[in-house]
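In what follows, subunit A forms one complex with subunit B and a second complex with subunit C.
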Partner chain A sequence: MKVIVARVDRCTGCRTCELYCATERGSEGRTLLQAVQETPVPQPRLRVEGGPDASLPVQCRHCVEAPCLDACLTGALVRDETHGMVHVKEDRCIACWTCVMFCPYGVIFPWPDRKFALKCDRCMHMETPACVDVCPTRALEVIDLAELDGVSAEKRKAAATLAIAATDGEGVVHLDLAG
Partner chain B sequence: MESIHVKTVDPIGQDLLRGAAAKGLDLGWERYERLQPQDGFLRTGLSCAYGCLQGPCRIDPFGRGATQGICGLDRDGMVAASLLRLCLHGALEGLTEANNQEPAWPAELGPAAKKAEKVLGGDVSAADTFAAAKQLSRPGASPDDLLRQALRLSLLTVGLTGEGALRAAGRLSCRVGYGVVSGAGPVIGLCGRPTSDLVAALRDSTGASEPQGQIVALGEWIVADGELLPIACTSGEVEAVLSAGWLDAVALGPDADPAIARLCRSIGLPVFGEAEAAAARMTKSANGPNASQCAEGQVLCSAEEARAGLASNGSAGLAILAGSDAPQISLGWLPTELAPALRAKGLSVAACGDAALWVAKAGLASLDSDRPVSLLDPLRGPLDALAAAGPERVKGICFTGVKTSRDLAFALGLAVLGARVSVATPLPLWGSAGVRDLLNEKIAALGGAFAHWDHPASPDEVLAWFGES
Partner chain C sequence: MTVTTYDLVIVGGGAAGLNAAAAARARFPGKRVLLIDGEEEIGYYRTLLPMFMTGVMPEEKLFFQRPDDPVGYETRLGVRALALDREQNHLSLGNGEVVGYERLILAQGGRPILPPMFADRRLPAGSFPVRSLAVARRIKDWLPEHRRIVVLGGGLVGSKTSVFLAMGGCQVTLVEKEPHILPTVLSERTAAPLQRHIANLGIDIRVNTTIDEIETDGNKVTRARLSTGEWLPCETLLIGIGGTPDIGFLADSDLIDGEELVVNPGLQTRDPNIFAIGDAVTIETAEGEHHQPWTWPQAVSQGKRAGDNAFRPSAAPVPRVTRVNAQNISGIPLMILGGPGVGSEVVSRPDPDPGVWREFFMEADRIVGGALVGDIAGAGPLHFRMANGEAVGGEAPQHLQRRTRAFAAESWGRLARARRARRFAMEGERA
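Take a look at the complex of A and B:
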């Protein structure tokens, strides 16, 4: 299964991903200048969060044990058998927003104007997700889940090495809880 | 995917692009594609244009994020300020090049200019640039005031065109096309608006070489010793022509894009400044294209010539194609499709700038052809034509692309003078429907019209726009 990963060290918070996600996946015109004229205004399926020190685009993780799937009252949320992505069948969604409340990451968004829940489906029927395609700093990438595990293991190893070096090889950080 | 065929309509130009790709050369197209998508906030005019360092502030065009800048400026104010800033740049460019900083319009358009000045708040002068700079220092002015000032500056820009780019009277013969690069002697290319001293030094150097060399303009209209230098290509094709290896050296003026000098260095093409040009020993080393790849036309350089050359001849009106190459639209697509289509509708056609080079390259301006397209001064041509034919007979002026703020301000200024004007490439006005409506109202009150599209316009759309008049 392929997923989108975001690199916080590369994200400048420019929100280009939001603009073009809303344009590509939320508008009729499919171009930015036409999308900005539409009513209701198109909405993105990912959101850039954070402040001046760090920003990060967040979108659905497509959890293996997805709480939203269990929470959905009408079966509007389903997992695609081919791609493994969790997505919303918009015609079945009754806009009860139960999934919004159950999502542990806060990445399902209500869209009252169109009466359905909005979430990233990784643009699974497109060659590359719109957000990944437009990111000017390549902060968003599509990688295979197995590869992601490898990347995470590398990161953990690098962090552990740094921690050991910082503690004179002891590898134990003593916290002064008494203050 | 092979996409060269959508970059330019010229089959030889397509071959040049393929050749450059085979050599691994990075041209403007590659840079353009790497920049996609270009900043969405700037494209919609929703990136704040005020000279303020509290920001940078941007407004979310979809209304979910910020709806105001830190100071409270809303989207209408931001888009209007963005347009004013572009017009200010355009007017300043005109002022820096004008011999006389007092604006002047052709006598026939005097009443229209007076009316516009009256409606827009009084006489227009160079002082309007200071007023605009003051308005852009803090966001206190309303969108209405900002647009009024933008239109005043656009009128000023038109009034500062002076003697035009060619600064010539009468008619000048012009030769256009890749074929002008061929010849037995060395060939030197000129681009970036070279100084007259540089051009003179090069003429001396090439004249002294054996066999005699020649200088050709690359996307420029340059008059030397009362003659228009042969023009090898349009402004959008300069890098492709350089990459072909047809030239023996290049001389760059102060306005040359950084990419040109970089490309010359990477392919080992000598680049001359003024000092080197005088002392240069020219030798022929490059092989040029086929000499037949060249067409001829005649440029009507002044208002008087435009008056004589654009006489009605029983046509249903006059259509003007202006503007420069733009990467959003296949090079040459609009001018070469529109000119014959407009003629087929019974209209006379005039062209200037890159649009004129494309129609000339296509043989549509040849004096041997039936109803040739008239070529005009690249800077003030549309103004001369408007004065000569009158706003009623001019069915429309389409800018097939705008490259500089001055082009945009000039286009707006023509609309302020009562002309129907369109720009075929998107402008940063789509972030505010209110500002677009207000701009249309203001121009309509002056008898003009200003159209633009939210996408690069196709020939069919522009043709339909001409038909609406």
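Take a look at the complex of A and C:
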């Protein structure tokens, strides 16, 4: 499974990813200029968290045992069979926000204006996710979890610093620097 | 008497039972499984019934499983379990059949509580408990011609049903015996803005009272009397005063303590071959606390775990026991972390926006309950910190603050530390 990983050491908190996610995946016009004029204002599926000292874009980890999938009251949240990504079928969502409550990472965002829950689907139908494409410091990368097993110790060490490697579905964000 | 024996028998095809069946099927493909349910139709979202019966939700979105979906196990529908014989490992069914089991999963859910005036369980035409699809279909057919409605019970089901009815143009009176709506999950202060909001939809809310008599004309509801003596003319009475575990058929099984079907965190009853899940059970934690987490997400999680556990040498515990619940009451988001406990400290913070309110119930330095109204940002991480029993102590005020960012408060210190550590590690590598 291919997931997006974010690197704390590279993120400068510029929020370019948020802008382009909202434009590419949430707007009608698909250009920044048009997107900012739309109502409701397009919303991103990831958020840059943190402060001036350190920041990090956070988005769905597509947990293996995803608590949000158990929680959805309507069958709107599903795992895509081909890509393995957890996503919201917008036409089935009733905006009850139960899933918001069941994501330990806080990466399902209520979008009351459009009456559905918004979350990252890793742009699974696109070549590269919009956020990864635009990040000026390459703080966002796509990594294949299967390939992680085969990489060198050095790379693995780097991977351990990646904030979004673990997909165990429990607890809070893992920023484990050991190993 | 011929007895067909199955490896696994599941009683109840609600969220809990069907997830258990699917999980057991996937994990133990060689096992022969039977699922029985008293209802003719199963595989629907019970949570969507209020939307369905008020016409907001079309029927095709109601089901997660269809009768002709290949499931890989046998089913008996419209058949209830009547008695359990643990010595023989036999279950007697309403159609006269007796089935044997090696493992049994009890997932029969709850049945609606009826008010004392219906103690004989005979309901006049126009009065309905809100619980099953069969009844919801009857309500749906009934409502268009009978639009003066009394909803008895201001809990989650009663309140949200009233909202959908009012939005559909019905004339609704909501009757709650406690001083405010949602009494088991919200404090009076937290309920206040919601109650105002609901009243503004045109719902007549009556608190501190109940319905103790119904008048009928030719067995059709015509008016309902409040305990204050006032008569409310109405053609429909919807009953939403909660459910209670449906455990009558287990009376002689020696699995019931008091009124409760108690299981351990691995979802086993005192008979390790018999599991029980969902709205039917009380979970006893290792610390001896009793929980009744009767919600949809719990029914699903417990179902999956019970199916996984069915033939394992030791039962793994359910991932989390939590009662949290979320609702969107016509545009006002509401997150319920847990009801006001006895003796817990209440911390809250007013917000300039009257529609926003956050309140926690604290024991020592842990959050044990509370609610977020109007602003639910950060609710997920907060929920998991609560469920993991993490101490938040001095951080509680931060969580009370209105937040637009998802979880800035939690991650900030952690991120800063991580970044420093990373720099430190790189310097170490260079040296």
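Quick notes on this one:
Going forward, the second predicted complex is superposed on the first by the 146 of 179 C-alpha atoms of A that agree within 3 Å, B and C clash if a C-alpha of one lies under 4 Å from a C-alpha of the other, contacts with A are read in each partner's own complex, and residues count from 1 in each chain.
The definition used in the following text is that contacts are C-beta pairs under 8 Å (C-beta built on N, C-alpha and C of every residue); 3 or more make two chains touch, one makes a residue touch a chain.
Just so you know, these numbers come straight off a predicted model, no measurement behind them.
Counting the residues of subunit A touched by each of subunit B and subunit C gives the higher count for C. Judged by the touch definition given at the top, the superposed model places A:R15 against subunit B, while subunit C stays out of reach. When both complexes are overlaid on chain A, the residue A:M101 reaches subunit C alone and has no touch with subunit B.
In the superposed model, A:Q37 lies in contact with subunit B only, and not with subunit C. In the superposition on chain A, A:V134 makes contact with subunit B only, while subunit C stays out of contact range. In the superposition on the C-alpha atoms of chain A, no part of subunit A is touched by subunit B in one complex and by subunit C in the other.
Considering their complex, residues 14-16, 18-20, 22, 31-37, 41-44, 134 of subunit A touch subunit B.
Subunit B contributes residues 36-37, 39-41, 43-44, 58, 60-65, 426, 430-431, 433, 454-455 to its touches with subunit A in the complex.
Subunit A meets subunit C in the complex at residues 8-9, 47, 49-51, 53-56, 58, 65, 67, 70-71, 73-75, 92, 94-98, 100-110, 112, 161, 163, 170-173, 175, 177.
Across the complex, subunit A is touched by residues 45, 47-48, 51, 57, 61, 64, 296-297, 300-301, 304, 319-320, 324-328, 331, 333, 335, 376-381, 383-385, 388, 405-408, 410-412, 414-416, 418-419, 421-423, 425-426 of subunit C.
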